[in-house]
């Protein structure tokens, strides 16, 4: 079965991309599956300078989900480009850099550094991180800011596709998606995590040192599907569906709503070979949807 | 090094060793060996019962307690949602395991080596003793709260010089700490390896640093991925940098980590 | 152990209130537990005229949660007051009317009808129903509207406590809570459901005839806790925590964050005696939190 | 009427009757009787295995198939998440049940009564036949797709006049429909009771209304609460009003409901 997808200048073997922050720099998973088989890999959020991230505890398991407040710990973009990217199978699989910055000019600088890299297939702009006090979330909740950041990155991307990753913690996500489109985004990916919290009645403390964190996993899939549905009906640029995908069926649900491809996040923790298993399982799930082509399925949702 | 892999294997046996404090059961979980003969004691594996479904999205980390040609044994205390679900399993049920993960303890043949175990921290030392080339150089000090029968201690006590001290109340703590420090001093020229609750490790670390004793400690953190990808299990290292306990540890030289 | 709570003019035996729409008119549960043991009962959403609600299918199970798009089916306020309320143990348990209307004047009219009823302990204003095309959601996402509705209901409530139930589908729920407070609300309850969606790849149709619906259950507890935390820090009126509560521990988590009481919704479907079991279990959970008084526990969260 | 209650009871036995189509198993689930001797056939119960945890927040509705002094039997086909988890249970595991719920079928002694069962719709008729005061007035027509051995049919066929027709392909449908209509006509002065998939019920309803045959049909809807509280399982009644299938049905007189 042909599972190839092409959009926004990207050509992917299949629509399964691993989501930022849940698949490390890819290399952590290389003994659990052949990275070349993935449709794409979005690496952990990168910033200009190295970041130590938030204090511990940073993660907490919740019913069918988890909270994280990692705070974009990363070795900085230089170290990534020097030590990690060359080891990745970037000729065979789309490697996508996830960008984090706390101001528009900083996003621009980061784009400058990344744009020239042959090994990167696209840039994903994270304007939706709920785990850093300023920057991330604030950007992602304001359409005007989203547009500005997008314009800035696009201007410096040297033609590389720019994907803007949207936050669900807004009253109207379609407007945010439109803002990205107007800013020149080649695609939008959604959703990032829902702002959440957990507390421990024994210690009387929040389960995360950061107090609040981002909720992900199967628990949020219904919210992600709704957001993708709302956005697909509003924008003309491609949409990448993210949120709670653990199976090939889940992936097809997003594609049925109009997504070009999907990202798999928390499911990588269910077991480290889960993304590979989802790919293996796609043909079976396609049969279940009585389809032999993703293009036929895409956007095929029958609305009343 | 053995290849890490992710496998579905069958449970051969679950041996309940007793129930201590509601709802805390002690058990040994014996699985088919997924090919881990060459693991290094101190390494761990992530376990996930298939019946967890999606409610618990994470596996759970457990020290590999012992490995023989056919099986892998984990020694597990029921403390919460995942472990109580593991306790409900039966022989022939399937679990998903990935491992061996992380770094094991150093093995220095013909070097006096002190094994400091606190509670469930006993688990990795079982395999350590079994695999050590010169076990007569080993000495075990085991600090525990529940009765000794709940632990696979007697087996281990037959193979190496061993001593157990029970904490019946917090009043016993100063004595226990003193005892730990004393035996560490007695082994000062050798190697001290510790696994147990954080306060226990702090005692060992502080004393080792003070006396310049070569020592390694195995840390416990909540883990989501177990393979260094999520950055959920970090500690600060000697350079004040966050490092993943699962991938850079769980065993660290005492000087390399802040706990 | 004394589990009584008093706030906003309400005196409850214990902090466990059953949530609107998940406990029918209470009577459905009378063979599974003694209704008099509940802290309170919020009845199914009431409108001035009977409503048939949305077409089927109306509910869909999701990981650790569910979607509903009932569309406020109800026999109308008159039938409720005549046929249901007299059968409820309103002298022993606080019966709270959940109000649904599609305009400010209609909310006022409904308040007029309810305010004189001796059997009602309070009015809960649902400005957050995601399942009706206009009205509900639109109101709940606009602080100015929330304030107006609250003022109107309060004016006509003849002194009965007015609780405003807030939607989490907003960028900033604390601002919505403030609007309710400024409008004269005696308390706020939160959260109503998260807007979500599910699709069936076999039929290629949404799982709900209404396409989108409200997500509830354990899956959303982290979002509910976060919202309660944000609101408790902003408002001075009492807060009722709702969302994903299935156990006594869950209830105490909300109280630790500052909630006066909680509502139990989807958990009533886990088993019909679940709300009663939660009450039975409260003393044990209090021990776990090392507390013998809800007042001692309330708001006792230790923030870094 | 028996008091509805919510109880935790033990599984006495799970009998697998066979596997038809991946992953569809047929099984009989026998539970301790929670005190349901006076149930009325056609009533159902909600079942929930404790090991579901929170992932599946709803119980699942199943017709009470038969009840004796010690046990309650359900006849279940594995079709999805809940039923496949039920199939993993073993004797002595606990399940939560609430019931008997809803209305049963009418019982008219000494009245020719036709039982029309489609597939799993056979379940409630087992108890119906066992409890009927004058079983010789009963006649069973059973339409099925998987082989007859998967169903508790032979038992039932010994007690009443019975006939089974298999649908091997959709080409068989016109014949099956004709057969249903013919036997209904033969019982026209009596009572026709039907339980099965929706198209099957539509056939019965249409014919009963056309010929003025007194008939009752048992509806299936996805259910969250099973007790009339959530309004998730409604159908339109004769007055075009939404009524809860769980509380007002699942058995309705044909004229009272739109399907």
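Just so it is clear, A, B, C and D label the chains in written order, and each chain counts residues from 1 on its own.
The rule is short, and it goes like this: a contact is a pair of C-beta atoms (placed from the backbone, for glycine too) under 8 Å apart; a residue touches a chain by one contact, two chains touch by 3 or more.
Note that the structure is a prediction, hence the values are computed from the model and not measured.
With B-C and C-D as the two chain pairs, more C-beta contacts join C-D. Rounded to whole angstrom units, the spacing between the C-alpha centres of chain B and chain C is 46. Distance between chain centres (mean CA atoms), chain C to chain D: 35 Å. Averaged C-alpha coordinates give centres for chain B and chain D that are 53 Å from one another. Centre-to-centre separation of chain A and chain C, using mean CA positions: 34 Å.
Of all residues in chain A, those touching 2 or more other chains are 63-65, 217-218, listed in ascending order.
Touching of two or more other chains is recorded for residues 54-55 of chain B. If the chains shown are joined wherever they touch, the resulting network links each chain directly to all the rest. Only residues 63-64 of chain A touch chain D when the two sit together in their complex.
Residues of chain D touching chain C in their complex: 3-6, 48, 54-59, 96, 98, 221-222, 224-235, 241-242, 247. Interface of chain A with chain B (complex): residues 21-24, 28-29, 31-32, 44, 52-53, 56-61, 63-66, 68, 70, 73, 217-218, 246, 266-273.
The residues of chain D lying in touch with chain A in their complex are 54-55. Contacts from chain B toward chain D in the complex involve residues 51, 53-55, 85, 88, 90.
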